[in-house]
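A, B and C label the chains in the order they appear, each numbered from 1.
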Amino acid sequence: MADRRRKNPWTRVLLYLFVFVLCIVILYPYFVMFTTAAKTREEMYALDMTILPKKWMWSNFVDVWSQAPILRYFLNSIIVAGGATGIAILCGIPAAYAMSRMQFKGKGIFLGAVIMSQMFAPVVLLMGIYRLMLDLHLTNNLLGLILLNAAFNQAFAIWLLRGTFLSISPEMEQAAKIDGCTTVGSLIRVLLPMAAPGIVTTLIFVFINAWNEYTMALTLISTDTLKPITVGLNVFNGFNMIQWQYMFATSIFATIPVIILFLCIEKHLAAGLTSGGVKG
Amino acid sequence: MKKFLAMLLALAMVFALAACGGSSAPAAEAPAAEEPAAEEPAADKLPLNVIISQYGNNTQAWWDGVFVPGFETAHPDIDLTVEIVSWNDLYTVVSNRITNENVPDILNIDTFADYVADDLLMPAEEYTSAELKAKIIPSFWNANELDGTVWALPILASVRSLFYNVDILEAAGVEVPTTWDEVKTACAAIQAYDPDITPWSLDVSSDEGQAAFGYYTWNNGGGFVDDNGDWALNSAANVEALNFIKEMVDAGYCFADPMNATRYPQQDAFNAGSLAMMIGPCNMISASSEVNYGVAPMPTNGGNSPVAFGVCDRLMAFKNDSAPDQAARTAAISAFFDYFYDQEVYSEYMVYEGFLPVTSDASAYLPEHADQFNKCEANGGTPGENDYFATWCGMLADCDFYPASRAEWIDVKQGVIDAEQQVLEGADAQAVLDELQSAIAG
Amino acid sequence: MKKQPVLKKAEPYLWLAPSVLLMLSMIVVPVITVFRLSVSDISRAGVIKGFAGLENFQAIFASSKFWHTLQNTLVWTVVVVGVSTLLGFIIAMVLNQKFTGRKIVRAIVVFPWATSLIIQSIVWKYIITADFGSLNVILRKLGIISQNINWTPNATAYFAWECWIGIFVTVPFVTFCVLSGLQSIDENYYEAAEIDGAGFWKKLGSITLPLLKPSLTVSTVLNIIYVFNSFPIIWTITKGDPADKTHTLATYLYKLAFTNGRMGQAAAVSVVGFVILCICAGIYMVLSLKAEKEGQ
């Protein structure tokens, strides 16, 4: 590709122009979030509105923590997302292993069923989910959210892990088995270390999905101290006023950790996503 | 790599454990569930599960910090759980719980007819003590009657009236409008004075579009029902009112987006001085607002006299056939209400949220003693104002309210919002209202 | 290996068991409940009164709003997935070039994906508000417009904005799928083609696209499912208003169930949604099987 660049300088200009516009468009909402979070409540509806705050209210970013139990919301989000990730991976690894290393009847059906399970969005099943959680005594309980998030991310976890496993040659494990390793042993000692990048990608991916989940938490959790951050945001959307500045300040705090996690796996992200399909 | 897996497993366990530990509040596990709630920590305490709607940013703080500790000190035998649910989610939460036979003991919401139709509610007489009944203002008590039985208690009220920005009206050289024609003249003058100022406010969003229907139809001699109490949604006065709404929007006198902009940002705009006039609730002026405002009666049309607009939400108690001791449960519910409507407790909550009391003792008490209590933090945290309650409590007596006790009310509420939106989108008001009337009244 | 043959045969299923158990209990059970609710007579307050046969389905099919919603859902899915795929493809092609700052740009492209939908929707709602919105303020300050523009004059405009936000949040996923595909293409193919005198379009059509097919298929299939069922964007921006003209099936059934008190009909809408997706899935399976056979 390097030589193509030399051929036409205009392509370069166009490329930079495109990239510039792209970045502006993507960053614009974040710019709005940030500047609005630093405004006073009155300024948001004032007559002479400005792009940047007239007075930077850095205190908003501090006050927000005392305005509502934000820390508690964060903790709940971490518990739900962390727990769901753990369960999704622990169930997903054996399934993905079977799907990538074994031949058995119904393998195609199972893969189809995994994809099918993605068709049922939580919002569509809300009534059924509530009933189930009630029968299990898990409404208003973080464990319920953990199990649900793990289940709704199961398909993705299997998909990603299977892709990773398929991209690793089974020869090493066979060698280990000949050396007397059990199947479980070869999985743990040989395959998992090699698949570590893919596993980390899956971990983070499921974590992010669970972190961002909204509808189930909204319906199932009613006690304030059990709300995850996505639902907790509503506290600033009260009966009598919307506190945009606090809402956006909290949004920023809720978004930053996810973006950092995403950047950690950015390199592996795409590779993991498609290898399942390529080798499928 | 065993370590890796072991760590993963340990991590998952920690999270699962933390989750169980964190969910120690068994709030939703009401005794209505099939199995007896064996894990209830204090078996000898009677659980009482209450849902309160979120009236402001600090609603949670008052109930958790003031009411529940106070109540449990007074009634150590009752295990009170109060859940605060935002109005955005209230209907979702409640209907999910009813479908799954997991109703709260006491619910705070705006309507009750649907629950009566399914025989879910206890008649109010069963749990209202004689003293409490005596002090609830009779018009509010009667407003919760359906088929000859009272099914709910009023929790609080608010009054809507016309708020105007004195400085803007003065600068534009107009008087406070009293008729619709004067409203249009005033709006035109304000727009000419400063095009950046929005003259008039309108909210026909699904959030509260039924309120706008009330403001304009009632003050044009129409309304939801006729003099006999029958639904009369397609009256000539109502058609005229919807056309007036459309005229105001088309002339550019309102915010660009009345079908989606709820009342709250419009209140903020009024408080910030970028909106000149607004029909809004008594507690809409924020603590930090520097606007020089006045309050006037609703503008009317066709020589009708102004009708003030009252809003009242309700508290109701659900039946629970699986409760082991019905008498004890009813007693606990009574205890809750007696404690809540206690003059001091109730007055404190009214000042805190800025709403108006529905009991006679608090109505008499607050105009002189509101300054003994503090408003919530979002309202400034300052002492209450006696004048505020003196003015607005006086207006409360002459207000009209939604016909919210009727079985068809939810459909009517959705229907008039839909009608308003259709008219703004260009449909014919008469045709839209005729269709609604025939859908509701058959 | 001295395992008994039965155990050996059962082994793969044992490996699948935890995963299957999790999905059966948490997904399939609610699905069954929803199907049951769709043929139940449920009162306004939410009490199940009994069996209703197909009444709920008849009721929704008789409503013009349902058909409008169905049409919206189709437009929503096709537009959002279609435009996102095209944009994502272009962006991936650009990001696959070597240029200064590429790493930063790639990181920025991740942002919309990493932000929760509910937060993005709230921000965009704030941006496009005509009277206090940030877009008008910026354009006015930059001198591009002199008066506030009403970005959302009618239902169609609203729906267009919702589609735009849908595209905004979907593009990164497509971009990264395509990027991974692009990176796995051997540079030698291009060099060979260039020696044969192939231009940009020729290379795109005969090398890039065919080799990207698996990546594009994955992203498109998943996106169709996600976008079809998407809820937070439309619910935050319009709740389906004005006059129920901007609903998709997901928001329509939510409003039916929890605002209008018609749970039975809402469940029926859910079932219709499943059926539509299942038909799509069926078509996809048939097509991919056919392609597989042709490939062999």
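Everything that follows uses one rule, which is that contacts are C-beta pairs under 8 Å (C-beta built on N, C-alpha and C of every residue); 3 or more make two chains touch, one makes a residue touch a chain.
Everything numeric here is computed off the predicted structure, so don't read it as measured data.
Engineer: In the touch network of chains, how many steps separate chain B from chain C on the shortest route?
Structural biologist: Graph distance in the chain contact network comes out at 1.
Engineer: Pick out whichever of the two, A-B or A-C, is joined by more C-beta pairs in contact.
Structural biologist: A-C
Engineer: Where the centres are mean C-alpha positions, what is the separation of chain A from chain B, in Å?
Structural biologist: Result: the chain centres lie 36 Å from each other.
Engineer: For chain A versus chain C, what separation do you get between their C-alpha means, in angstrom?
Structural biologist: 15
Engineer: Considering chain C alone, which of its residues make contact with at least two other chains?
Structural biologist: 132, 254, 257, 263
Engineer: At which residue positions does chain B touch at least two other chains?
Structural biologist: As it turns out, chain B has residues touching two or more other chains at 92, 96, 99, 265, 269.
Engineer: Please output the residue numbers of chain A that touch at least 2 other chains, ranges allowed.
Structural biologist: Counting only residues that touch two or more other chains, chain A contributes 44-45, 87, 90, 126-127, 131.
Engineer: Which chain A residues qualify as touching chain B in the complex?
Structural biologist: These residues of chain A touch chain B: 41-48, 67-68, 75-76, 79-80, 82-83, 86-87, 89-90, 126-127, 130-131, 134-135, 137, 139-143, 146, 188-189, 192-193, 196, 218-219, 222-226, 234-243.
Engineer: Any idea which chain C residues touch chain B in the complex?
Structural biologist: 42-48, 129-132, 147-148, 150, 152-155, 158, 237-245, 254, 257-261, 263
Engineer: Report the residues of chain A in contact with chain C in the complex, numbered from low to high.
Structural biologist: Residues 1-2, 5, 12, 15-16, 18-19, 22-23, 26-30, 32-33, 35-36, 44-45, 49-51, 87, 90-92, 94-95, 97-99, 102-104, 107, 110, 112-121, 123-129, 131-132, 147-148, 150-152, 154-155, 158, 183, 208, 211-212, 214-215, 230, 233, 244, 247-248, 251, 254-255, 258-259, 261-263, 266, 269-271, 273-278, 280.
Engineer: Which residues of chain B touch chain A in the complex?
Structural biologist: Interface residues on the chain B side: 1-2, 4-5, 8-9, 11-13, 15-16, 18-20, 22-23, 25-29, 33-35, 51, 53-57, 59-60, 64, 83-89, 92-93, 96, 99-100, 102, 194, 196-197, 264-265, 267-269, 271-275, 281, 283-284, 286, 288-289, 354, 378.
Engineer: For chain C, which residues count as touching chain A in their complex?
Structural biologist: 9, 11-13, 15-23, 25-27, 29-34, 37, 91, 94, 96-99, 101, 105-120, 122-124, 126-127, 132, 134, 137-138, 141, 168, 176-177, 179-181, 183-184, 187, 190, 214-215, 217-219, 221-222, 225-226, 229-232, 250, 253-254, 257, 263, 266-267, 270, 273-274, 277-278, 281, 285
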